[in-house]
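Below: a set of structures, written as structure tokens.
The two complexes that follow have chain A in common; it is paired with chain B in the first and with chain C in the second.
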Partner chain A sequence: MTLLSSVTGRLTAAALLVTLAAPASAQETPQSGGVANVAIQPEPPGLMLPLVQNAPTQRVAGNIFEGLLRYDTDLEPMPQLADSWEISDDGLTYTFHLHPGVKWHDGEAFTAADVVFSADVFLRETNPRTRAILDHVESIEAPDDETVVFTLKQPFPAFIQAFEVGTMPMVPKHIYEGTDFYNNPANNHPIGTGPFEFAKWDRGSVIELDKNPDYYEDGKPYLDKIYWHVIPDAASRAAAYENGTLDIMPAGSVENFDIPRLSGMDGSCMTEQGNEFFNPFAMLWLNNREGPTADKRFRQAVMYAIDRDFAKNVLWNGLGKVPNGPFSSTLAAHDDDLEQYPYDPDKAEELLDEMGYDGKPVRLLPLPYGETWTRWGEAVRQNLEDVGINVETESSDVAGWNQKISDWDYDIAFTYLFQYGDPSLGIARTYISSNIAKGSPWNNVEGYENPKADELFAKAAVENDPEKRQAMYDEVQQILHDDVPLAWIMELAQPTIYRCNVHDLITTGIGLNDGFKNAWIEQQ
Partner chain B sequence: MSFFRRFAQNRGALVGLIILALVVLLAVLAPFLYPDSPWRMVQRPFLAPGEMAGFPLGTDTMGRDVAAGLAHGAWVSLLIGLISTVVALAIGVPLGALAGYFGGKIDDALMRFTEFFQTIPNFALAIVLVAILQPSTTSIVAAIAIVSWPPVARLVRGEFLSLKHREYVEAARLVGQTHRDIILKQILPNTLSPVIVLASLMVATAILLESSLSFLGLGDPDTMSWGYMIGAARTVMRQAWWLSVIPGVAILLTVLALNLVGEGLDDALNPQLARQR
Partner chain C sequence: MPYVSLILGRIGKAVIVLLAILVFNFFLIHAAPGDPAAVMAGEAGATDQQFLDDLRERFGLDQPLPVQLWRYMSGVMQLDFGYSYRQQMPVLDLILDRLPATLLLTGAAFVISLVFGILAGTLAAMRAKRPSGSIIMGLSLLFYATPLYWVAMMAVLVFSVMLDWLPAYGYSTVGAGYTGLAHVGDVAVHLILPALTLGLFFMAVYTRMTRTSMLSVSQQDFVKTARAKGLAPGVIQRRHILRNALLPIITLAGLQAGQMVGGAVLTETVFAWPGIGRLMYEALMQRDYNLLLGIFFFCALLVILFNMLTDVIYRLADPRIKEGVA
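And then the complex of A and B:
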């Protein structure tokens, strides 16, 4: 509990206990030793997390690299490389006190200079999302080896959410300074401060991580080794879990229809925790520029026509949540009182009649991410046809899907987006008109323009008073809810299936991506 | 002996004809038996065959009626099989006829062109074509026709080569008939029997090709076909084997029936070649 005592954030012991108690464990004291065999799907393109942000990279490299903070399942900050931190009352100065005596995997000392280098030099160059956040930052300084001060240009309350390992991983200055970041030989053997060190990578087969024997938190990590197994075929992965080759199946490595079977096996546990920070939000882009989808009544009709509970129960095995509006329910700014769009085909038909929909076919572009998404496209098409909308389904591969959405060449298209813990980080980007630009499938591709919404998002992001900020976010949620710039279809669940003798696997809102620092295996 | 008597002498062909008739009947009656879209989600998913009255073949992963899918899929499979065969014949017969009749440089040119298509594996070419053209019923018919016309051209050319020096052709030429009349009225009718037999087998191949494309996810996404049903059910093989097996058996029976009928036609149209039974 030495960790807890040093926390100055708003972390409560109760929250931690709830998190830790997730799997009912017979034994409370962690045991050292043991090896974790984990599925990784698909194989990551690289493990140098500060350069590569793909989901599988984050999942593996979260063990090697660390950020200054972690976040619990309520998205409250927790200490990691920073033991404690202070935010000035005007919201402009963020001071972090680093954990003393931290070493890089190669034995060099980790200091405040590394933090300044990582944020101010390395990530500004390599990570566009971090760069956008750092645009709010005036200066980053290291008054001594264990203190870092971020000074902001204006208050930006979401800034405290930006220190997670995927957003701001720490990079060793002594290895990267003055080199070509993308071609540094160390990229093949990443050096971090994390609880596990990179050992070996047999491409197409297995990634091996070893325990960091000099880790700065006493006794941690508990595991000796982590093996990440690359098994591209879903049925083979399921079989590998059944026969005991694999112990942990992260979200996305098990087909939805297999979840009940695998999680129902003897000694098999499942949790939906560890999803709170990203909370992938499935949506339908509706092209606001042209065709029937340009009419607000048509877009509302789509919301009424789609049977989202059916998709949740049948396609996602009851996991996930039907959203009531543009903000996901795990965000603090989420408005619970927003009126839900029910499944109401009659209402949808009424709206279509009112606008005088002439039967002009609309194109539907499903997400080419596998079985479930294809089936989902079929279900949505049927829902729309049931209320009299003519639908033509288009097929494409991932590259074609990216291309069509980036070029705005679609009528209705599936997608899902991460929330990143705060509306100004994960949500505003989808609705503000300054974010309309061809060439990216992740910005305001629906072409929604509403000066009022723009203003509210802009003001809320830099409003330091939580109540005023919430009032603005409530207002913008109501506006978006009524305008339906796009259809909100599901907050996706990210179930992790694992053997019940693995304890404390997921202890934060970032889930497996936060590393296996606390995980331990109960010996038989 | 009449044509049908000769055909019926081949018992297999008779069985094939009966199965084929049933499939055609199913396809024609589909809109009346299941007036709703086969994509409609009507019951809870994964109902086994016979588990619930009204769903004799059960429901699929999304609660869609398998029987409705099978009926509507029959229509799609037969239609794609027939149309693509007609298109392939429309390409292959004229090319083969011209090459065989005129010979020489025309023959060389046309046959090299045909060989160009024959050297590329059928299925690979079909996949590439559908992928480039975007999957739709039209592009699938086009792709199947494009990969299946070369054998027709070669067969017709062979027939023309052997028939063009027959006495009745010489006679037609002596009385001054035009090339066009000789090709269309004298030789072509005499090449029809082998072409008909080949066509019946081509329909079977086309159905298989369409199913394979749909299985790989390259089918028309708005069309319920047997191949799609198998492809969508493949991953749930362990939970619900019947979802793959039922449309699989349907494909097997239809293709088998077409082959049997083709063999019967062969016997009936070429009595001198018919095997002794």
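And then the complex of A and C:
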């Protein structure tokens, strides 16, 4: 099977974009000009995306940097810096053909050598997530300036999902080669290939990006400037949108109880799209090692006891999805037929009786990410107490939460995790026993150990035959569904709110993090 | 020169106090759960041991605590406050970058609260038995008791969202590119709401204190003497009562002035004012040890400076206060 995508790929992608775009705008031609005022919170620590991986950095710097590919809302790859690509039948060789004539913001030519440097040298050293993916790669070579060949050690079908800008951003070799990456002066003035260039950063106030006048896609970008306004207080952000200073409120910048008010204003639009690649999946870590949560029946009782529909409708404005198992519904490998755990307090009490739960208190650690999460913690506590579980809520700031999870010092704890488009990238890490290690809040911190699940995840990741792979993923989903290593409480939908005269703001499954290259403002 | 030796002695003590504060803060911060490497790894959404080890080595956090303290203190002795782990910039640059905005805000609030507080307090004292005096006192009690962030939010709602008279947040108009006088005017307009919000509380305090102090001074014998010798009431109020009543105000003003660097966290947050208070809060949340210690240093420095200044002003306001007597 050879995947070929060149001009046709670009055309279908374009067609898809049109259907995805905001309803009224679909037929109109984009207009150039205008300035976008966007909220950003918290302030990013830096904009050198290949070095700094946190959410606000990805959001802003996705305009400056680019990856080889983008992904549509079904997570199918689309061209970006690579015009086309082929995967060999044995799944071992990935060949990318780069877009000709691309230039870095400083005028130097972008070539295959930059790709090799970025992936093989820079990101292997600096980015733990990319490093793990590149473990599958035997060699990265550039036979000519416009071709890059990745050769894998064994088939790894998820590899095609790894070329998004946040995972594999391209780094200018001529600036970074042979330097101390962390102390390179260019970190304060990042150079990418993206549709917008870094202009200015008034720390604590605003980050200014200018249109890249030499961008390689004709006519793009349409906007002249993007201002990212740093406003720490959620109520002040909402007020700034209400009085017209801000045009775009990215996912997570509006408190949930403000969403109906802001999205209900005249000329205000809202979309849930752009969430598909990350698909933040909210869960409760259940400590499988000790205490009541070590008993499978207790963990199942938690699933029955929590009223997830209530949380969705009351706390999250009815947005999002109640998951039926460990895989989020946007993943191709998701099993739709898994039986849902219904809200059934009686069943939960039955299970607790059966295991002989003695009323030993369990510690509940909510996520210190703002008011909605605090309230969610209260709701879950009440649900658990309703079925007779004694709960002690603990409080902490983000650093303390981090520490407790990383040190396994909890019984039940809130978290959410990104999916990254494939089970082997976003999901296996949470369940395989080789990933049990103190010091990270993102690995198998619940301490689940099941040799069968380990084997299925390991084999599925390197299985090149889609049908065989799916069979393995179906089996592992069923196992996890019954074992409940942790409680799956919500596929979060964090909507973007924006003025309706801003069009084509979100055109991919990576959302705002993918940059504003297609966005345009309809002038009155 | 007793004055000079007094000041030199004061400076010597101040340096010791500053160093003690730094050491104390150093241990206090390190006692908080989590470290900057873990916070940064946590924010990245994915991490491995190598990543954490790299960060800790780069930040020097892999060293034993006494070594870290030694390194930090010897840096400070050379006025090197180190590097912010997170922002990848020298701490001193970050602080100096944010200091003007904070000093502008807290300075404006200081002047507003002092001027209007003393004015309102004097009026209230002069009209202690009339309704207008009660109204002033009622208002000051209201400002004194209302939480700052609530006042701030309401001010934004009324003056920015509903009336659209004043900007809701920020230091200047983004993208306006004003220069010269236009820029000054722009900043001034942005300053009004936060400075008033921050100033209201202290204004209320000054009002109440001025009134009480003036009323108590006005009962004293020398005031009766002044009246008896036929001085005009205005002169008595200004030169005899107010001047004597000012001492407690100066004490309090000294305290307020000492808080000028770190005392505006809430106001800066609500109004997105790019000052030190926010920088401090964020550094605390992110366990950015070097940055936090640097800000603490400046806060302590300012408190000490203003304490010394207050002592000098005492002497100017009341020549009876001399060394060894106060």
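Brief remarks on what is shown
Keep this in mind: the second predicted complex is superposed on the first by the 501 of 524 C-alpha atoms of A that agree within 3 Å, B and C clash if a C-alpha of one lies under 4 Å from a C-alpha of the other, contacts with A are read in each partner's own complex, and residues count from 1 in each chain.
By our rule, contacts are C-beta pairs under 8 Å (C-beta built on N, C-alpha and C of every residue); 3 or more make two chains touch, one makes a residue touch a chain.
Treat the numbers as computed from the prediction; the structure is a model and nothing was measured.
On the shared subunit chain A, the superposed partners chain B and chain C are arranged side by side without overlap.
Between the Cα centres of chain B and chain C, as seen from that of chain A, there is an angle of 40°, stated in steps of 10. In the superposed pair of complexes, A:Glu392 makes contact with chain B only, with no contact to chain C. Once the two complexes are laid over each other on the shared chain, residue contacts for A:Glu371 go to chain B alone; chain C is not touched. When the shared chain is aligned, no partner comes close enough to touch A:Glu197: not chain B, not chain C.
Contacts of A:Asp514 after superposition: neither chain B nor chain C is touched.
With both structures placed on the common chain, the touch criterion links A:Asp72 to neither chain B nor chain C. In the superposition on chain A, contact is made by A:Ala235 with both chain B and chain C. With both structures placed on the common chain, the touch criterion links A:Pro128 to chain C but leaves chain B unconnected. In the superposed pair of complexes, A:Asp114 makes contact with neither chain B nor chain C. Touching more residues of chain A than its counterpart among chain B and chain C is C.
Superposing the two structures on chain A brings chain B to within 8 Å of chain C, judged by their nearest Cα atoms. Note: residues 235 of chain A belong to the chain B contact set and to the chain C contact set alike, using the contact criterion stated above. Remark: chain A residues 234-235, 255, 257, 261, 310, 314-315, 366, 371, 374-375, 377-379, 381-382, 385-386, 391-395 touch chain B in the complex.
Those residues of chain B that touch chain A in the complex are listed here as 37, 39-41, 45, 61-63, 134-135, 217-218, 221-222, 232, 235-236, 238-239.
On chain C, the positions that touch chain A within their shared complex are 32-35, 38-52, 58, 86-89, 94, 97-98, 101, 153, 156-157, 160-161, 164, 167-172, 174-175, 269-275, 278-279, 282, 285-287. Residues 35, 37, 42-43, 45-46, 53-55, 128-129, 131-132, 182-183, 187-188, 202-206, 208, 225, 227, 229-233, 235-236, 239-240, 242-243, 245, 396-400, 402-404, 406, 417-418, 429, 437, 439-442 of chain A are the ones that touch chain C when the two sit in their complex.
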